[in-house]
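Next up, some structures in structure tokens.
Next come two complexes built around subunit A: one with subunit B, the other with subunit C.
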Partner chain A sequence: MKNFKFLIALWKANLQAAMEFRSAFLTQVIFMMVNNGAYFMFWVLYFDKFKAVQGWTLQDMMLLYGIAATAWGTAAYFFGHFTTLAEVITQGRLDYYLSLPKPVLLHVLASRSIGSGMGDIIYGIGSFIISGYLTADGVLRFAIAVFTGVCIFISFLTIIQSLSFWLGNTVALSQIALSAVLTFSLYPSALFNASTKFVLLTIIPAALIGSVPAEFVRAFTWQSPLQISAGAFVFLLLAVTIFHSGLRKYESGSAIQVEV
Partner chain B sequence: MTSIEVHDLHKVFQTKRKAAGLGASVRALFKPEYREVEAVRQLSFQMESGELLGFIGPNGAGKSTTIKMLTGILHPTGGDAKVLGYVPWKERQKLAFHIGTVFGQRPQLWYHLPAIDTFTLFGKIYELDDRETKKRIDFLTEAFEIRDLLETPVRKLSLGQRMRCEVAASLLHRPKLILLDEPSIGLDVVAKQHIRDAIRRMNQEEGVGVLLTSHDAGDLEALCKRVIIINHGQIVYEDKVSNLKRKHLTSKLVEVRYAQEVPANFHLDGVEVLKVGRYGVKLRFDTAHTSVDKVMAHLSSVGDLVDITISDPPLEEVIAKIYREAPTRMSRRE
Partner chain C sequence: MKKYLAIITMQLINNIAYPGDFLGRSISIGIFLFIFAGLWGTTFRIAGTDSINGLTFANMMWYLMMAETIELGRPRTNRIISEQVKNGEVAYILNKPYNFLMYHFSFGVGDSLLRVAMNIGVGLLAAWLLAGPPPSLLGWGMALVTLIGAWILHFCMMALIGLAAFLVEETNSFELIYQKFVFVLGGMLLPLDMFPEWLQGIARALPFPYMMYTPARLFVKPDVELFWQMLGVQWLWVIALVFLLAIAYRGSERVLTVNGG
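What follows is the complex of A and B.
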């Protein structure tokens, strides 16, 4: 509860900072909505030709984009340092968070807001609304899917980037992980074979963000919500554990860079 | 009451040697290469609550590393420390409610926001209620004379103005102890004075303990009652500032001008003649060995004095001498 108040205060500060550059913020938001729409055109053309692939229709793709974009956008807008954690660690910028009396990981993540995330959120919700799954029950399932999606996005990238406590600069690795999870979350897993599916459910948990939750919103089964909640829980637990054991290794930084 | 207790605190950094790029990351995962740096070595000291303690030492002495361990930012390699009864790296959050920190080289205030917004945010972070936060901000803006600066985005403040806001922010939650790492770095004389005055006032009025690191002997003279000098991660000197002055500030610099020309062979036993000009001399002597009386008598016997200045050498020199005399060992192990 106390931590929730604190999050609200942080988000307010982020918003105040964004308002210092109002027009840049608005440009980012609009650009991202247009950008997402342009990507989606591919599927419009695709389904125009094939109608349905393994039971997936254009409507389902809208749903999948809706969930993944909203989840991504929420993570980016409210927990923006989840894409830049490795830099924060290697540049010694955790000092600030470590000298304040709040949970470090939560504090870092929520201290940055990526403006374009708001564009993703608006696009994602819009995409969900026109997908045709807009019922009371569908909204609830959409909300659950988005929530677990946010957890998994953030946890996965936190795990990868926490490696920089041990390895030094892992910004390159993080970038790859980021684009992999983002790209694959936007494909229906029906398109992949069994072993790829396995990878996408575990090592790069993209399917847990996109297609499995989409299945769950399409039709209620017990399997998919269990899968995504268990996935979200395990990833979250791993992220927190790995980050905190990394903190023991944290070296801060006095602008010392050893180039070899 | 002791507020800081440190025993054999030790920190070895293992600097990773790694080239940039993905391939190197993977290789480093299996076969890391390290270079070790002993930043702090078996450091032990105590600090009383409400004390004004200065931590002085040359670049790389281990000052920042020590402060970072005492705030729980870094985990030590060995040794113990208690700050206000907490082990910093184990009870970081609890400790953070009671201490304030300022890192001169690493601003805490949000860069794009006016200081007042960060103050308000800190109020929430420290779980103060809104009325209390406001009252405290009012008090601090007066004490640090920052009323006119509060509404300006921090990026538009001068360094001196920003630093005053930084120190004020660290006092928002009425900490019992503040740790300042080079609060005066890069400031001009006036700005330094400003900050020192405000810190001294907070110490007197609220009994805040102050541990501060600096390169500037002026900070020490103006603020601290006690000094710890460290070099290569070890304490090389520890005493009251007044004792430091009494024991080490024993030499005097004297400059005189005469109405007549000065004999070129000007000489006096026990006095080091630094310069002989046509009408004046400059000399140094140690009051422990040569009496002031004797020197004065000799000076006036040489001719008619027109002007005389007697001064202490800067504390800087004294400290530099202590560094030089302290046993030095290599701070790096390959």
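What follows is the complex of A and C.
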């Protein structure tokens, strides 16, 4: 409860900071929505020609995009440092967070907000609404799918970026991991063979963010919610454990850092 | 001319200093091709045909390899101009005895050369593994010639977006939208041959296909008549956009506010 209050206070501060540059914030939100819509045009053109691929239709792709975009946007807007944690570690900027009596990982992640994430959230919810799966239990399943997606996005990138504690600068590796998990999450895993699917469920958990949650919303089976919940739990546990064991190795420079 | 060659060389040397970083970034072309091999492999299998709108699976993969190489190798001029406007460095660049746009053109060439080479290397390996041997030498030749015009068109668009920084400072959002126009109407994700007729007509009336579709299509399906036709229209667009850029630059100079530096 105490941590939740702390999170609310951080998010409030982030929102106030964004409102200082209101028009820039709104521009980012609107442009991100247009950007996602333009990217989705590929699938509109594809399904105009082929109608379905491995049982996936245009409506299913709207649902998949809805879940992935909302999960990504929520992670980016509320825990914005999940894409730049490696830089924070290698530049010695953890000093600031270590000196405060708050959970370090939670504090670092939530102390930055990516404004365009709000555009992803709005686009994702809109895409879900027009996908045709908007029913009472559909909304509940969508919310669960987004929640587990947020956990997996943040946890996976935290694990990769925490390697900076041991390997030094892993910014390039983090960029590749980010690109891989984000790109694969936007395609149905039915397109790939069994070994690739296994990779997408474990090492690069993109299928647990896109395909499997989308299947869960399309039709209820016990397998898909169990897969995404177990995935979210295991990745979250790994992320916290690896980050904290890395923290014992952390060495900062003598540079004076100012966190605004 | 010597000074611009020096800028190209300087930027090339800067990039050679971090080959690992460059190689890492090129891996994304492998990820992209792997995903699209899954999508198009499944599509061809379901359709039960070897060729869709004249393109085979191998054509499609090599097309995508060339398109992705162009996308990853295009100049990021708008980001550099935007950064220079924000931190005031633009004042130093404008004072130097070279043309501002030619400076960025040379900088972009130096920046792109290694990136394109690296992307072709990684893309060649990935596409070969996924789809078999590459297209003929004629295809390579036509692609390389039209790549020059495609790169200049990209530069003009990125510089036009970059000049907007003289007014609004942050141009990333404009770049995102421009990138999506190239992705869709330029034929990066889907060759124009797969578009409905009405959309093909719209796309062909715009400069975007000449930045992406032209080199990639000629690469996999070299055709002499089509080559001359596309090359002609591409360079008409180059002339039009260079002219527009020159006018935009003159206008932008008057509204620039320097923040310090």
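Simple rule for what comes next: the second predicted complex is superposed on the first by the 254 of 260 C-alpha atoms of A that agree within 3 Å, B and C clash if a C-alpha of one lies under 4 Å from a C-alpha of the other, contacts with A are read in each partner's own complex, and residues count from 1 in each chain.
Methods note: a contact is a pair of C-beta atoms (placed from the backbone, for glycine too) under 8 Å apart; a residue touches a chain by one contact, two chains touch by 3 or more.
Every value quoted in this text rests on a predicted model; they were computed, and no experiment measured them.
Chemist: Would you sort A:E20 into first (subunit B), second (subunit C), both or neither based on which partner it touches?
Modeler: first
Chemist: May I ask you to decide whether A:L173 touches subunit B, subunit C, both, or neither, giving the answer as first, second, both or neither?
Modeler: A:L173 sits against subunit B and subunit C alike.
Chemist: Based on the superposed arrangement, let me know which partner A:K102 touches: subunit B (first), subunit C (second), both, or neither?
Modeler: first
Chemist: Counting only touches as set out at the top, which of subunit B and subunit C does A:Y65 meet: first, second, both, neither?
Modeler: neither
Chemist: I'd like to know which partner A:V53 touches here: subunit B for first, subunit C for second, both or neither.
Modeler: The answer is second: A:V53 touches subunit C but not subunit B.
Chemist: Contact-wise, after the overlay, does A:L45 reach subunit B, subunit C, both or neither (first, second, both, neither)?
Modeler: Second partner only.
Chemist: Given the superposition on chain A, which partner contacts more residues in subunit A: subunit B or subunit C?
Modeler: In the superposed model, B touches more residues of subunit A.
Chemist: Is A:Y250 contacted by the first partner subunit B, the second partner subunit C, both or neither?
Modeler: Only subunit B is touched by A:Y250; subunit C is not.
Chemist: Let me check the overlay on chain A: which residues of subunit A are in contact with subunit B and also with subunit C?
Modeler: Shared contact residues on subunit A (touching subunit B in one complex, subunit C in the other): 172-173, 176.
Chemist: For the complex, give me every residue of subunit A touching subunit C.
Modeler: 24, 27-28, 31-32, 34-35, 38-39, 41-42, 45-46, 48-50, 53-54, 172-173, 175-176, 179-180, 183-184, 187, 190-193, 196
Chemist: Any idea which subunit C residues touch subunit A in the complex?
Modeler: 20-21, 24-25, 27-28, 31-32, 34-35, 38-39, 41-43, 46-47, 170, 173-174, 176-177, 180-181, 183-184, 189-190, 194-196, 199
Chemist: Quick one: which bits of subunit A touch subunit B in the complex? Just the residue numbers, please.
Modeler: Within the complex, subunit A contacts subunit B at residues 2, 5-6, 9-10, 12-13, 16-17, 20-21, 92, 94-96, 98-103, 163, 166-170, 172-173, 176, 247-252, 254-256, 258, 260.
Chemist: Sort out for me which residues of subunit B touch subunit A in the complex.
Modeler: By the definition above, subunit B touches subunit A via 13, 15-22, 25, 28-29, 32, 35, 64, 68, 71-75, 92-97, 101, 103, 105-106, 108, 110, 112-113, 117-118, 120-122, 124-127, 153.
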